[in-house]
Amino acid sequence: MKIQNDARYAKSDEWVRVEGGVAFVGVSDYAQGKLGDVVFVGDISVGSTLKAGDVLTSVESVKAASDVYTPVSGKVLEVNHEVTAKPELLNSDAFGAGWLAKIELSNPDELNGLMSATDYAEYRKE
Amino acid sequence: MQSIERNRFSFIPATGDEQQAMLQKIGLQFDDIVKCFAGNSCVEGGLHLPDGLTEDQMVEYWDTMMSRNSGPRKASLLGAGAYMHFIPAVVPHLASLPGFVTAYTPYQPEISQGTLQSLFEFQSFMVELTDMELANCSMYDGASSTAEAMLMAHRVKKADRVLVAATVNPNYLATVRTYLEPHGIAVDVVRMDGNGRVSMEDLELQLSASACSAVLVQSPNYLGIIEDLGAIGTDVHGHDALFVESFTEAMALGLLKYGVGTGADVVVGEGQSLGLSMSFGGPHLGVFATLKKYNRDFPGRIVGESIDTKGRQAFVMTLRAREQDIRREKATSNICSNHALNALTAAVYLGSVGESGFRALACENVAKLQKLISGLEATGNFTRVFKQSPVFNEAVLASSIAPEDVRSRLAGLPVFPPLALARGVAPDVQGMPHTYLVCATEMLKDSLLEQVLGALS
Amino acid sequence: MTLYEKSVAGRSAFSFGFEEDRAAAEACVPEFAHATVKPLPQISELDLVRHFTNLARTNYGVDTGFYPLGSCTMKYNPKINERIAADPRLTVRHPLDDATDNQGVLQMEFELKESLQEITGMDDFTLQPACGAHGELTGMLIIHAYMRDHDAKRTKVLIPDSAHGTNPASASMAGFQVVTVPSNERGGVDMDALDKLMDDTVAAIMLTNPNTVGLFEENITQIAELVHARGGLLYYDGANLNALMGLIRPGDLGFDVVHLNLHKTFATPHGGGGPGAAPVGVKKFLADYLPIPVVVCRDGQYTLDENRPHTIGRMSGFYGNTAVLARAYVYIKMMGRDGLLATSRAAVINANYVKALLGPYFPPAYDRPVMHETVLSAKGYDKYGVTLLDISKRLMDYGYHPPTIYFPHFPPYAEEVMMVEPTESESKETMDLFCDALIKISQEAKENPDLLLSAPHDTVVTRVNETYAARHLVTSHRDKKGT
């Protein structure tokens, strides 16, 4: 199971990483392993305002469909069109090229309520 | 508990001795296994059903029962949602092959290529005939397909209102209402104009009144009249609703324009005319075709082409994440079983009649109806209503002859008599207070047509 | 190769005596006619016959071999049913023709209705629904309408975590909010959880009995009392009725609405996914809500009655899948009172027998006698790098259709469970041979796991790539031409 050390994690297997004042959001390597080959990533509307825990999008594999919940509140600034066109990026590079959305944080304190990389690795230890 | 010693049921191979041997291996007696029933109300003294019949007794009982139907029937002047067409011998022959009939849903593709490929071919034919981008591998029937299309439109557009043309088959409208009722979606009816078609004026009025998710128009409509789908499609898209085209007579697909060319978002309808008997109303065949942009929203199973480990062509069910076993309460529909064997039958039928055969049959239907109408008008007892409007193989005629009289005049002939319409469905005609929806297909051979005209003179 | 790929311009399989002028007909509707002939195959009759005959041979059916799909009841489809359902005196009937001309068909439907009432202990039936999910939707719409009239704040439905996916999907389609009830360690409904969840916002509980793990719901009478006492109704998913006929009836257990799967319990063929039929039975107080029309008998005359003041309306264009109903009718008439009881008894014995044979290799999910199907676990095999999917693909090499896999999904067995339902149709030898094959495969998993990972080898296609299908979506011939 790959883990990104500078990211924070939600119990529902989403990660968030702040880079240059903007939050990148995606699903963890553990989550993509459980899903299997991803075949579809649903639309996300740029400009929409979300609360932590809202449904960001849904992700589909051949045998499952999962809702992805945003771990942080804020406005969606950008959507990763590469991953919509090539959903397999979510499997191969869940923390890198497989990012889903860039969010402008409305409440940066929320990050403290999420798990650290170590805690998440413990939580998902098999 | 009762014990059954004799084994005279040919469908249960286990003898009493074998069952005893199995119970020994299990280590329990039957009464122990069903101990879990204790404390609940069990059947005492057996079900109140008669003794079972043997095969020969069953055939005799069935014969006596079937003799209580009228018959035989070689043609039908009755349409209105179910149609009598010619079924080539090769169709039931291939559709009854045990490999197709006794197979389950193709969840294990490696041993279900027969079902999967046949359904892929059905989907391919439906895409061509409806002129859409993807078709599922069947739903139950035209009415429930139509209702599911309305639910899909609601999922996509979210407005709690749909418009349905007054000229849609009344059973289809009733089914749409039943399906939409628990979701609080209003079903508003668009009026008919003086020519038996959707009133473009009322359509525009209703579309402008408030948002709606879908507009449903049937063509040929319930009165047999061909609607101007292209004009309606343009109007609907001006108002951001889904345009749902429906049909009850699949034979019309052989000749008429539907689909992308007329602005459709969904084409749904009844495929019974494609090689299936009427069978007193079922099982028939729901057709559902739509655009690729709705490929996460549509209901029903769909088969896709793929490859196996050796790169060979292989078929498999795909886009499964929409379905009930994965999505559960968030599924696009609850549909699980469909009408796969009937879809296969339709695929065989279309393969049998071929592209020119299908078009020729559709034209034969048009011509037969025209010949019947001319003949009936010539008797002086009938006149066509909505004369200006184009029809396919059904039309409304007014008559001076009452329904009971029509039935008794036709009683000696092997035809289903036409549907007597209720008063008010079509405009009144002086001296001809009764109206009928009259159908003619390729089954109405000239010799029988002459006899019908003779009886109704 | 598909039919389109085999087409040759000018070939035809069609023979018909056209009498009319085609050009004149084309001229009748010029502005609405499709400009060109829509593309369909052009193929000779022999090629058509070979095409489908060979396709049918690549399919595995009940007629081919053992088909132990749990919860599907793949029993033998008697051929006398096929002969009778193909009777032209039945197939020619137009549904809108006068009832007086259809007394034979209507008599068959009425007698079927009465038999189903007796078998289930319910008071009235609709024969309209086309399959299980359609029946569930019908039943839940009836409950929704009843609650709308009597207690509109009841907007929730309780459904066990082990339920078939159609249950929550149907409840949702009927306008309800779904609330999941957990199962206890014995595999039944957790009574404490039920006690907390069953309140005055709940309209009904949907139950399958025996449940989807093949176990009889021991507390069913208490569940019924609890739910009724708090104003709710009980819905019965009849998928597993094959275990109970002549022994116990859902109506007597307190169920208010019931659906049956004629394509399971009553031997009508599955046809590769349908058509089936799923009559829905109700207790008297709900009879007015049934979809119309309903077959009734008055003074020896059969008619289609539309006088149901609170009807939910229509679920389909006509009255149900008559040709499928006819097959079930013949099955019930030929089995009779004793045959139906013998059927359920044999089904239960067979499932327990298979459980006894396979138990040492694939531990049963629950340490209790089962009903007509058994759930067995393959969890221990992952240490050889082998999953249940691999085991099931290897079974195909032995000439069998695998059992149901990865269902139901719920703890503690999570995913690696298979559901085996032999049905009463199978002989002891068939079951012995099947179990031998599975036991052999369990050995192969330890000694030569590659055989399983690369399975199936002996089928017409090897493992089909589902990811490829989803990522390169081709669902019609037109899609192929486009790429």
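To keep things simple, chains are lettered A, B and C as they appear, and every chain counts its residues starting from 1.
Quick note on the criterion: a residue touches a chain if its C-beta (ideal position, glycine included) is under 8 Å from a C-beta of that chain, and two chains touch if they have at least 3 such contacts.
Since the model is a prediction, treat every value here as computed from it, not as a measurement.
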{"item": "Chain whose Cα centroid lies at the greatest distance from that of subunit B", "value": "A"}
{"item": "A-B compared against B-C, more contacting pairs", "value": "B-C"}
{"item": "Whole-Å gap separating subunit A and subunit C, where each centre is the average of the chain's CA atoms", "value": "38"}
{"item": "Interchain centroid distance [CA atoms averaged], subunit A/subunit B, Å", "value": "44"}
{"item": "Centre-of-Cα separation between subunit C and subunit B, whole angstrom", "value": "20"}
{"item": "Contacts with 2+ other chains: residues of subunit C", "value": "466, 469-470"}
{"item": "Per-residue overlap in subunit B, given as positions that touch at least 2 other chains", "value": "318, 326-327, 330"}
{"item": "Contacts with 2+ other chains: residues of subunit A", "value": "39-40, 60-63"}
{"item": "Touching residues on subunit A, where the partner in the complex is subunit B", "value": "39-40, 42, 60-65"}
{"item": "Of all residues in subunit B, those that touch subunit A in their complex", "value": "296, 318, 320-322, 326-327, 330"}
{"item": "Interface residues, subunit C side, partner subunit A - complex", "value": "466-467, 469-471"}
